[in-house]
């Protein structure tokens, strides 16, 4: 019989919840509106979502102020932990979502967007991701992870193509398996330490000096498998290409950024303390996994015939590239992770949006898939501007200076150098050389071949509207003039990461 | 002999393995879901046992959440399954490989 | 004006390229020519306002880019880079002016202008990252030029060119990051400023005494990392195979720019980075590299002799000449390095002119095969004359621009090794062999091929492009002083710097000390503690 | 005096540029006249300089401007007129003026008349640079310059395959020698720190003998190329493809003697290394007899004269090698006169005979071409060294030098060669001018050359006769600079014996030649006669098979090797391996992409497999965790800290 515990409300300090609560409220609002009066136009919901997300950003900025003044804030029975990396991750999540939402206002109508539920679920997912990054409690992580994932499966399925259903089913099934892994892993740690809060786990383990290292490793193995699935690290990546191909280009772009950053944060919280406390096994395994992920994904991307699928593989390889930050585990590398991801998200979202605006309703007869390479051949002649923009994103992804990803790349490699991972640094470099080939492939098609399928360039902008163009313009500016924003981002991120002790 | 923690853990491990095998072997989507349920529930057993062993409630909380999540997963899963069945009127895994390479 | 002339030099063409989008197609060439001419005039202005007596950097500009990571936008020019910049401006001007009508000429010219930005940028950048930035960026326009206006195998050629150089420079990038890290370790501040790095002395093992494969032998490893990037660009044997394809497929203008300027990036970087940063390693690798260079000289010259396509002859001849440049660079003394820099200019002028000349006949006959020609001297005397002059310049006849460079380079390296220099000297023989036989095949003999019976001789536009080159080639052969003095001034400071930084006795012995005080211009980053 | 120096040097350039203006135009007489006049100017100013030197004996030295300056290296455009260079200048300007005048007539009908004069004057200019420069770099400029011009002039009739081939051969062979010279220059610079003659020579004595020997050898290699010494001699005979005035000017009088000039100029060096000098002398003697032997049987008028030139160059080197520099120079001068004369005469004959070169198809021309006949005969007498013509004095001096230095082998070789020389020269004369008119059967109607050509040639005729009388004053002048080696044969008796002996030998050789070839029943050899069957004849007519050997052992292998380098190594090995690496990735992708089967249960299996691998690794490491140090060690290779 437990004694009733009495807690003062302010000790909960619920304000920490605000960033997560706001989207939930927004989602409910949408649902209510729909109940009151159905059949309203999607623009309404889009705008509401945007407003909600803006508020959300406001809330996060608020917590930035609090954090910088008085460090990490715990709240709600210490379930919520608002530290620097949480804040950065939340910012990335929300801003990218903000950039994603307008893509719903495409020229062609895709009926998932006509459902208000779409936006509601979208908001739920966001709050799920935000929860995931603002806690070190395995339960909460698990729950929020599942919330977000389930929402994501639904969103994918709502695209309502055969392929999208297939993608959803695959993603879902594998996700369920991963969930099993996660829960089992956390169970092992719970068994070992009697706690499910990461920092306590680390204390306990440190306390008994990793007495039964074997079980620690088992637990780690399970968690690694689970996170590896969400991050699509080889060999747990198998779902990624299919899901990307199955879902709409916009959604694919979104998926390539937001879920990953959330998982990165979890991985940082989960693995870095293990690495720092000298679990060689994890280092080795991560090392192998990272190299595999970078290389194999690149090699498979080489042989793709569909641009979206190629981008899927490329984003896997980028993930592997960034994952090395967690292996290195220095402040520089952790900041590099966020910087890379911020800059990467500009470019990648832009690239996928370019695919999105070139999305036709009906495929041309000798076009194998929505975004097959030959669709883009001779683009420079039919619609030069689009071609140049696309090429720009490709070059940026290839890590060519001075475009966005380059800065992330050098900072990441530099962190590897500084952390003493010389060989890894060279592997990273050579991998971006391999990657150069398939990004170049698209450029070759666009600039050096004669038009095959789209004799007139209409198909490339068939889905374009002002909002989409705005987003792309934003991405373009972000990609080209990144060298201006790199420094402030660098300083901001480094400060926060450092302050939260990573 | 009295049943100790280890027995539960062994049991849960065994169940988990069964689940894994099921996941790998089953070609029927529905059966697949069931296998995943076994996975999750095997974990529940362990959690509950451990929390009893430690005498704190965290494990049991976790177990509850797992149950909840399992439920919602089934909801979503079955939804997808039904749509798929409507479209293809089969739920055989091997049919869903239109995307490859 | 003077405070920002370098930035103006870099970004004016790009800006003009953007505005060029608004120009009508048919008047695009005029626009391009005008822009290129202004740029050329600016570069001349830079030359005239350049103080040849100063050995250090001039017109330095500095702007914080990513100060938190020590990346700053630093520009500066000295005797080493000045003339290559002028050459770049000059050739873009000549190239665009001599451009014959092609499909989407508008894109071509805009691309060329962007290419010019990157070229000038590479030679003016004094921050490793900014340098790397332009270095990489220069691949893109070239890729497009080769890939879009090239021959039948253009896509293969362009992609090969891009990936090959890209790979090399990525290795170099890792090297750069290492270098910055070492500087950070030594000083506690991040800096990518080359001039800061100049003041950093890295540990090195003596080739004779020390164990060179020891990981702590940073100079050697960094040297190799940088060298990888540069060697592919130069291109050093055996990394040269992308060049024949690139030249073979590229349009005339592409080959001209490639041979005249882009290749020089590699050799320039050797002098700007490798020698001053890693003096001991430079000495350590002097002979291996010299041997590579000699292989380049003889081997590629023989390959050139075997060619059937006159453009390939010129392409391989550039590789051969680059060998001499590399050799001169690794003489590590004032004569050698000044000679190699001068030879960069000379080879730029000559090979550029030769590619233009090949382009002339290609425009007329759509073939570059020598067997299709023969006896052209009958119908195109002017063409034959100019080709002859340029050929003689290319084989390094005295009183032509190339001789000065080759003479100095070989003379310089002679002081390091006699035997190797004798081998390298065969350049003047093998060079004569392939050039003369090619010339004979094209111009001498009876006019057999019907199609050649009434080819028009050089027209005004072509003469306008070629005559200045002839003038330069001979003028600088007779009176190289205006270039040689500033060059050797700056080179002296480099050599002195190397001598001072050298730690091993071998290096001290090999690198002469010039009796003069040298100043490295300080950048605003904190001093070394 | 500078002004005369400059006019002497640059007026040929002026003339060349003037002619170049019309290079592409049809024939223009003025394009020939102007350069000739300018050469006259150059000749006059050279003579002024000569007078100046003779009277005052002071050297004229100017430094026009800096050429190269880097580090310690400093090379100016500096010119010096001293006793040596003024001699060369006189020879060059005089002969070339004559040749120019002659060429106006000779090239009368050639469509590239203007281009010819552009090249010819350009040659004179480079030759003057060569002889007047005051440093080795300047010498090298002229050195390569004359090479270029001879390339342009040998290949002047560029539509003739043989001509262009000969031109390239000449250029490339000279390049080979030039490399030697270049290395010599490097040696001098790296040891003395300068390339100025005076300073470099001043620094020589302080150097060790080995270095000096190498210098001497490398410089001499350069000389061998220009002066076509064995084994680099083959180009000279082929060079006869060029127009005859070219052969007269370049390949007889001036350019080929540049090598001799170099050795003479570098006399302070060669004085220090007598062993190299001896080698030069022996090689010279060898070349003398070697070339003479080939001249014996040859059936190409110009080639015969070319070989005689070669052999005379051998004489010069012999003298120079033995330290008798002034003698060499003197012979050089004398030889220039009568050999040029001989060639120009041959040119007349060629014109008369419609470019027929085989003397066996001529005969009896002395009636129709009296002037030419006289000139060539006189030239041949001079060449044979018969008293009192030029050849006698210069050649006898060389023989004496050899004799007095107790190099009896060299002496006897040279003596014997003198006989041969007399023989083949008069074989030629006899075949061309005497006997019956064999050309009739070929339907050729010979005619004497233009008057003004003959008049133009007359100075050479005069000099060929009287040049010998300059001996003493010349000796006085030149020994101010060159070592004065006055030879005193031991006894008057020996001296007379030698001289008369030589004369008798030559005279008898001449008579023999006349007897054998001035007959009336000479028939054109058709390979049937017994003589042509003999091995020796085959050997000689095929130039000892040396060109064949070069073709087989150098040119062809080079060609094949180049091809192998290109096709096999460059494409099949280097490039293929580069592409191979790139393709490896791609093919791996193609091969393994099926792992991404898209089948859901396969994916599930992948995940489980991954997990299992991780777990097994975990187990392994858990065991290994007991001794982590070894692991660390093992991992440090990966760069893991």
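Going in written order, the chains are labelled A, B, C and D, and every chain counts its residues from 1.
We take it that contacts are C-beta pairs under 8 Å (C-beta built on N, C-alpha and C of every residue); 3 or more make two chains touch, one makes a residue touch a chain.
Computed from a predicted model, the values in this text were never measured in an experiment.
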Could you tell me which pair, B-D or C-D, is linked by more C-beta pairs in contact? C-D
When you take the mean of every protein CA atom shown, which chain's own CA mean is nearest to it? C
Between subunit C and subunit D, tell me the centre distance in angstrom, where each centre is the average of that chain's C-alpha atoms. 36
CA centroid of subunit B to CA centroid of subunit C, Å: 66
Subunit B and subunit D: spacing of chain centres that average the CA atoms, whole Å: 96
For subunit A versus subunit D, what separation do you get between their C-alpha means, in angstrom? 77
At which residue positions does subunit B touch at least two other chains? 23, 96, 98-101
Which residue numbers or ranges of subunit D touch two or more of the other chains? 582, 593, 596, 598, 600, 604, 608
Can you list every residue of subunit A that touches 2 or more other chains, as numbers and ranges? 169-170, 173, 177, 241-242, 303, 437
Could you run through all the chain pairs that touch each other? A-B, A-C, A-D, B-D, C-D
Of all residues in subunit D, which touch subunit C in the complex? 23-24, 65-73, 137, 140-141, 144-145, 148, 151, 155, 158-159, 161, 164-165, 168, 171-172, 175-176, 178-179, 182-183, 186-187, 189-190, 558-559, 561-563, 565-567, 569-570, 574-575, 578-579, 582
Residue ranges of subunit C touching subunit A (in the complex, touch as defined): 64-69, 104, 107, 129, 132-133, 136-137, 139-140, 143-144, 147-148, 154-155, 158-159, 162-163, 166-167, 170-171, 173-174, 177-178, 180-181, 184
Going by the contact rule set out above, which residues of subunit A touch subunit B in the complex? 2, 138-139, 142-143, 146, 150, 153-154, 157, 162-163, 165-170, 172-173, 176-177, 179-180, 183-184, 186-187, 190-191, 194-196, 241-242, 245-246, 303-304, 309
Subunit D - residues contacting subunit B, complex: 593-594, 596-601, 604-605, 608
Please output the residues of subunit A touching subunit C within their complex, sorted ascending. 380-381, 395, 400-402, 406-407, 410-411, 413-414, 417-418, 425-426, 429-430, 432-433, 436-437, 440, 443-444, 447-449, 483, 486-487, 490-491, 494
